[in-house]
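Below is one structure; the comments refer to it alone.
As written, the chain order gives the labels A, B and C, with residue 1 at the start of each chain.
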Amino acid sequence: MRYWSERLWELRRYPSALLGMVIILCLVGLSIVTVIAMPYDEALDRWRGGDYWRMHPRNAEPAWLDRLQGGNKPKTLIISSLDAETESVAFTGGKRLKIPLHFDYDFSEFPSEINLFLKAEKHTREPFARLTWHTPDRREIPLGGRRVSASDRFSLSQDWALQRRLGLLPQVGLLARPGTDSPEVLPGRYTLVLDAVLFDEAAEITADLVVYGRVHGIAGTDHQRRDLLLALLWGTPIALAFGLLAAVGTTLTTLVIAATGVWFGGRLDAAIQRLTEINMILPLLPILVMVGTLYSTSIWLMLGVVVLLGIFSASAKMYRAMLLPIRESPYIQAAQAYGASNSRIILHYLVPRILPVLIPTFVTLIPAFVFLEASLAVLGLGDPVLPTWGKVLNDAQNESALYNHYYYWVLAPALLLMLTGLGFALLGFALDRVFNPRLRRI
Amino acid sequence: MNPSKNPSIPKKAEGLLRDLKLMLLLTGKRIIALVLMVLIGVYLTILIANMGGRVDELRLVQIRSEISEAVRGDLSFRELDSEERNQLIQRRVDLEVRRLNLDRPFLLRSFNYLYRAMRLDLGRAEQMHSDMGSREVHAIILERLPATLLLFGTANLLIFFLSVYIALWLSRHYGSLLDRIVIVLAPTSAAPAWFYGIFLILFFAFLVPILPSGGMVRAPPPEDNWNYTLSVLKHMALPVLAMLLSQIFISIYSWRTFFLIHSSEDYVELARAKGLPSRMIERRYILRPTLAPVITSFMLMLISMWSGAIILERTFSWPGLGTLIFQAIGHHDTPVIIGSVVIFAYLLAFSILVLDIIYGIVDPRVRIGAAQ
Amino acid sequence: MTEPLLKVEDLRLAYQTERGIVTAVDGLNFEIRRNEALVILGESGCGKSSLAKALLRVLPRNVNHYSGRVLLDGVDIMALDPERFRQDVQWLRISLVMQASMNALNPVVRVGEQVAEPLWVHRGWSRQKAMTRAGEVFELVGVSGDFLRRYPFELSGGMRQRVVLAMALVAEPKLVIMDEPTSALDVLTQAGIMNRLKRIKRELGTSFMLITHDVATSSEIADRVALMYAGQIVELGSAAQFFANPAHPYGRLLMDSVPRLHQTRQPDHIPGQPPNLMLLPSGCRFADRCPARFDRCDEDPLPQSLSERNEVRCWLYADRAETGKPRELHKTPTPVLETRPLSKEVLVAVQDLHTWFELRQWGFIRAGYVRAVNGVNFHLYRGEAVAFVGESGCGKSSLARTLLGLHPPTRGEVVFEGHHLDALNKHELKQYRARVGYVQQDPYGALPPFMTIRRALSEPLIIHGVRDRKEREARIRAALEEVRLSPADDYLPKFPHMLSGGQQQRVVIARSLILQPAMIIADEPVSMLDASVRVEILRLLRTIQNKRELTLAFITHDLSTVRHFADRIFVMYGGRIVEAATVDDLLDFPQHPYTQALVAATADPDAENAAQERELPGGEPPSLLHPPTGCHFHPRCPHAIKGLCDVEEPPELEPRTGHYSACWLHREP
């Protein structure tokens, strides 16, 4: 309709509205890309944690953050035996493999962990593996050996014997320049030689040496090695969907109910009003908390409760106040006089009249619900399976992220929340000035 | 049209007496209405908490585990074989169930719950206890209440008076720099207080450590009152600041807009034509007629803040009701959670009552309308 | 010759709005002498309200230009600094009476304080002293001192207007500016206030500047008249001269358009619309609508002096010095409306109709009944126009709504074309609603603001099952044609706010006709329109009613508009019909004391009006919640018979043939 297009066209005079729209469009675009790039089930599955993330460092900060500060913290290095020049010596009933795993290390700090993942196949007897560490200054450090199961790992950084031997944490001691007081990285080419004896001619063994870094990707990782980028990305569509659905659910139902009450008046209206008053003393968040602890923390249940409690919220009183004079306005009486039915009057005559005033409220409500979802998650009542911003914040808080200086862990989801809030609020405020006739007059 | 022969000016006292009577009437009516509201609200809470018999299930499990533990731990039952022991447990459970009326229909029991909840007899906590060692839910809650009231009372009053005065000033200085700054900053109120809390803690407690990051008072608490107060104030600074940041701009903005709209009312124009000084116009002709809606919006803000209290307190480890609820979630201590909801309902109802009375004082239309 | 009290020279005021600059006041020159009443007469949007604000410097924020000289007792008050102006001029020397809508008084401050306030602010009086004085002024304007400690919402509309008047008089200013002081009030209340004003002017010697759009009201007090058009004064002269023989063509047309109670000539309307104050035409601003327009009108007319203190801004009088006579005014006479003889076919029969509304508290507890319609009997014949006349709160609108089927009657029955209204089922009720059209008072409010004219007109058709888009379009166009809005394409895509009040009302009439009704109920169809448009709409309604043989129920508070636009009149008071007769019989020989009071209070514009006070009943209209016993009019009736009128309800008597009146005075002696 022309009225709408004219009003919306006026928005261009408000730079804040344009900024808000750009932010919202970016968020929506991000959501679409995320949903297409990583399907819902896959995202949920990965976020559950576990083996998928074993090659990621714990609590690594975003790489760009460190580089921006001029740091040179280590990235994670993964050296696969498939790329190595394997020496194979066959003997009867088996073979002996010598796999050198080389890597160049010239970062300023030590890695956070070192693990070797082994995978042995097609054997009848478990193979035997022995490890030797070669440093750039040609020292050789034997790391012991043992039988290897089909899927096995050498957790070098948790090798207490090695730690005692080196007098330092293994991941430090193995890469440190010898003879200095405070450990210092010795740059150069390191080699881990895997000496494996296989007791079967067909048997195979592959190895992955993981030298865990201290920085990771765009968003860093959490205490469960999960890439935060996953939660940050998937948090966007979830937050938008929750905010939008809750806002639509509450405003539309409230509006229609308020309009129905106003139109029919009498006992129905009185009942609706009393219900809003009762609802006013039912505290939303504590009730959500109660539902969350007693039943389930599923986001859909929460959404349902939010909408249910929102129906008779204080805004019903506001809409009622706006609708009451409209109910008495001549055009409604005229409509009644030419035979419009009750439902037609409510939906075609009453509701459209205050829709313009409602749009800004609606837009500003979205971030309120986004933050509500985050609040619940921060309280530990977030949906148990969904990756959301609030859950990231909750994890961060549980792990005392601020105390441990993992600021990125808190800041990234917080900034995204803020961005969402600001985007919608900026647009909402501008819409208010455009659509609210009382504001237009000043 | 016939003027009275002797124009009599009614005495001021008569008007006051009438107002006093009307106010009493209004207060009485509102108290009755609010008691009814609380009654229904608490009953709804009980219904929600009992939907699907979840609470009963929890209680049953609890009773059973308590009894079986007691039976197993009791030396005098050592001799019994498992069959007999189970029967004994079952008998005791049945006895307990009957004693607690758990076998009666829910409808009957719900009224029993309601009666107890209204009397603040909120039952015994499952896991938690108050600092004094009591397991009574109401004792646990009442112990935490003052901390919450202190923090939120201070913050809300501060926000209210600051924003009304700044808004009045801005409505006079429409379009000034400060006015434009407020307009620009208003959308930042989309974020709740706890959110700003995180940033404030990050900044003032970790990056520039000048203020404590949480708690209500230094540990161990200072001995003398003066230092104690000082310490509490220091701990309050950040949470109050967080609430201020999240609410002040939107409050100023909306009230300034409101005052601007109302300063074009006919009676304001007439007051200007009368040549009244602008301060008088502001106080008497803009602020006073709009106080009622201003108070309403303050009330709505208060209600949302009460709800937000839980999470803000958790962020700042403020030992109030919110933290209590959070701990209760952690312990799955249902009686405490339900009790807190009831207490919140009481708090909200009380806030509404106070504001209703203020409403009646500032607006004669409410006062006189209530009496008709 | 003494110096004038107020002399205004070249006053200009313009506002900056979103769409452009609005020139509201464009170079005004006039003066007011001591104890003189100047009336600024003009239609809405001619800038007259801005004039009041400009003189008192109560200006909105968006003022773009404000200049000129205003001499009060020879001192230029425009040159005073704001603080001096506030302390010396405002209220002590010039005060203002606003139209006392609900908003003219501060709702939370007691009225006495609001009245007394200027005294303690400007004069430094004690509150007690100021309140005593406020009590005196209350008495002066006819409000009991008991109301000093009341709040505005506890007062009736007429009382609030008196309080606003008291406020203006409290500091005994030399000049009182009144901006539409009575236009929202009922006839009797309005006349009562005008009576007070005349007395105050006589006793206190105050000067008045009355700003109004209502020609009849202006004649009640005017010594001199300034006629405003599009931001300018086009004619300035004495009241005697202006009301008898206006000089400017606009003045003449305006006087011709005023419906009069005691005149048989049919009023005429002014074609066209006043210019937009944002896009003022060069030359004479009235030229577009002027029947006497000639080539010189392209030039901006200069004020031509006709006699001392009498000037007109029109080129017709420019060459008078040579020819001795102004040019002729050529006006095509409008056709006289024909009336058809009364048919005898009863369309609507109303019997013992009561419409009561329940008052509830908290939505559940019944607190009482508002007896809006309280026992009404009448027949309406097919093809006749009937006027229901009464003051606000007499139940006439509730009667309309009951006839429309919007409220079920509490008791009694309405029979329409042989069908009992309360026996209709849902479907039949809908059919009935198609048979009755509805035209309301506020044309802008009567159209949904978010629908285009096309959509608004299709709504009734859609509701009544006209599915075919082409058929709907054809019927919409035909309806617009009938109300003379053509070409239809100019109007169909527009939203209501883009049309003028008259055009909006035409659309509303078109909508009421689109379902081919048998009856149209028009509730105050012209009271919110400008004087020059009123006649146009009334004529249109009358023409359509004649052509389509419709029954027209025309509801109005203004007796003067009835004469040519209705066949019969019902006078209502307190929810009952007190008098019923044909138009001429009722207006010329009113029988019921209430009708007599109404006739006495209705002024035809005449300079003589200012000299005399009218005979009026006292008191206020009856409460519909607790109506008086017996005859509802007895507490105000000068002829009330004690022991009869206050006890027993009067029967309907027939003091003249075909002329019914419910009053004990007519019973056989």
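FYI, a contact is a pair of C-beta atoms (placed from the backbone, for glycine too) under 8 Å apart; a residue touches a chain by one contact, two chains touch by 3 or more.
Worth saying up front: this structure is predicted, and the values here are computed from it rather than measured.
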Chain ID, smallest distance between chain and overall C-alpha centroids:
B
So, comparing C-alpha centroids, which chain is the farthest one from subunit C?
A
On a C-alpha centroid basis, what's the spacing between subunit B and subunit C, in Å?
52
Centre distance in Å when subunit A and subunit C are each reduced to the mean of their C-alpha atoms
66
Approximately how many whole Å separate the CA-defined centres of subunit A and subunit B?
32
Provide the list of subunit B residues touching at least two other chains, using ranges where the numbers run on.
174, 264
Enumerate the residues of subunit C that touch no fewer than two other chains.
61
Tell me, which residues of subunit A touch at least two other chains?
274, 442
What part of subunit B is in contact with subunit A in the complex they form?
33-34, 37-38, 40-41, 44-45, 48-49, 51-52, 54-55, 174, 183-184, 186-192, 194-195, 198-199, 201-202, 205-206, 213, 257, 260-261, 264, 300, 303, 306-308, 310-311, 314-315, 325-326, 328-330, 332, 334, 337-338, 340-341, 344-345, 348-349, 352
Please name which positions on subunit B make contact with subunit C in the complex.
1-4, 7-10, 12, 14-15, 174, 264-267, 269-277, 280, 284-285, 288-289, 291, 362-365, 368
Mind pulling up the subunit C residues that touch subunit A in the complex?
61, 360, 362-364, 401, 404-406, 429-430, 433-434, 436-438, 440-442, 445-450, 459-460, 463-464, 495, 508, 511-512, 515
Name, in rising order, each residue of subunit A that touches subunit B in their complex.
16, 20, 274, 277-287, 289-295, 314, 364, 367-368, 371, 374-375, 378-381, 393, 402-403, 405, 407, 410-411, 414, 417-418, 421-422, 424-426, 428-429, 438-439, 441-442
Residues of subunit A touching subunit C in their complex?
1-3, 266-267, 269-271, 273-274, 329-331, 333-341, 344, 348-349, 352-353, 442
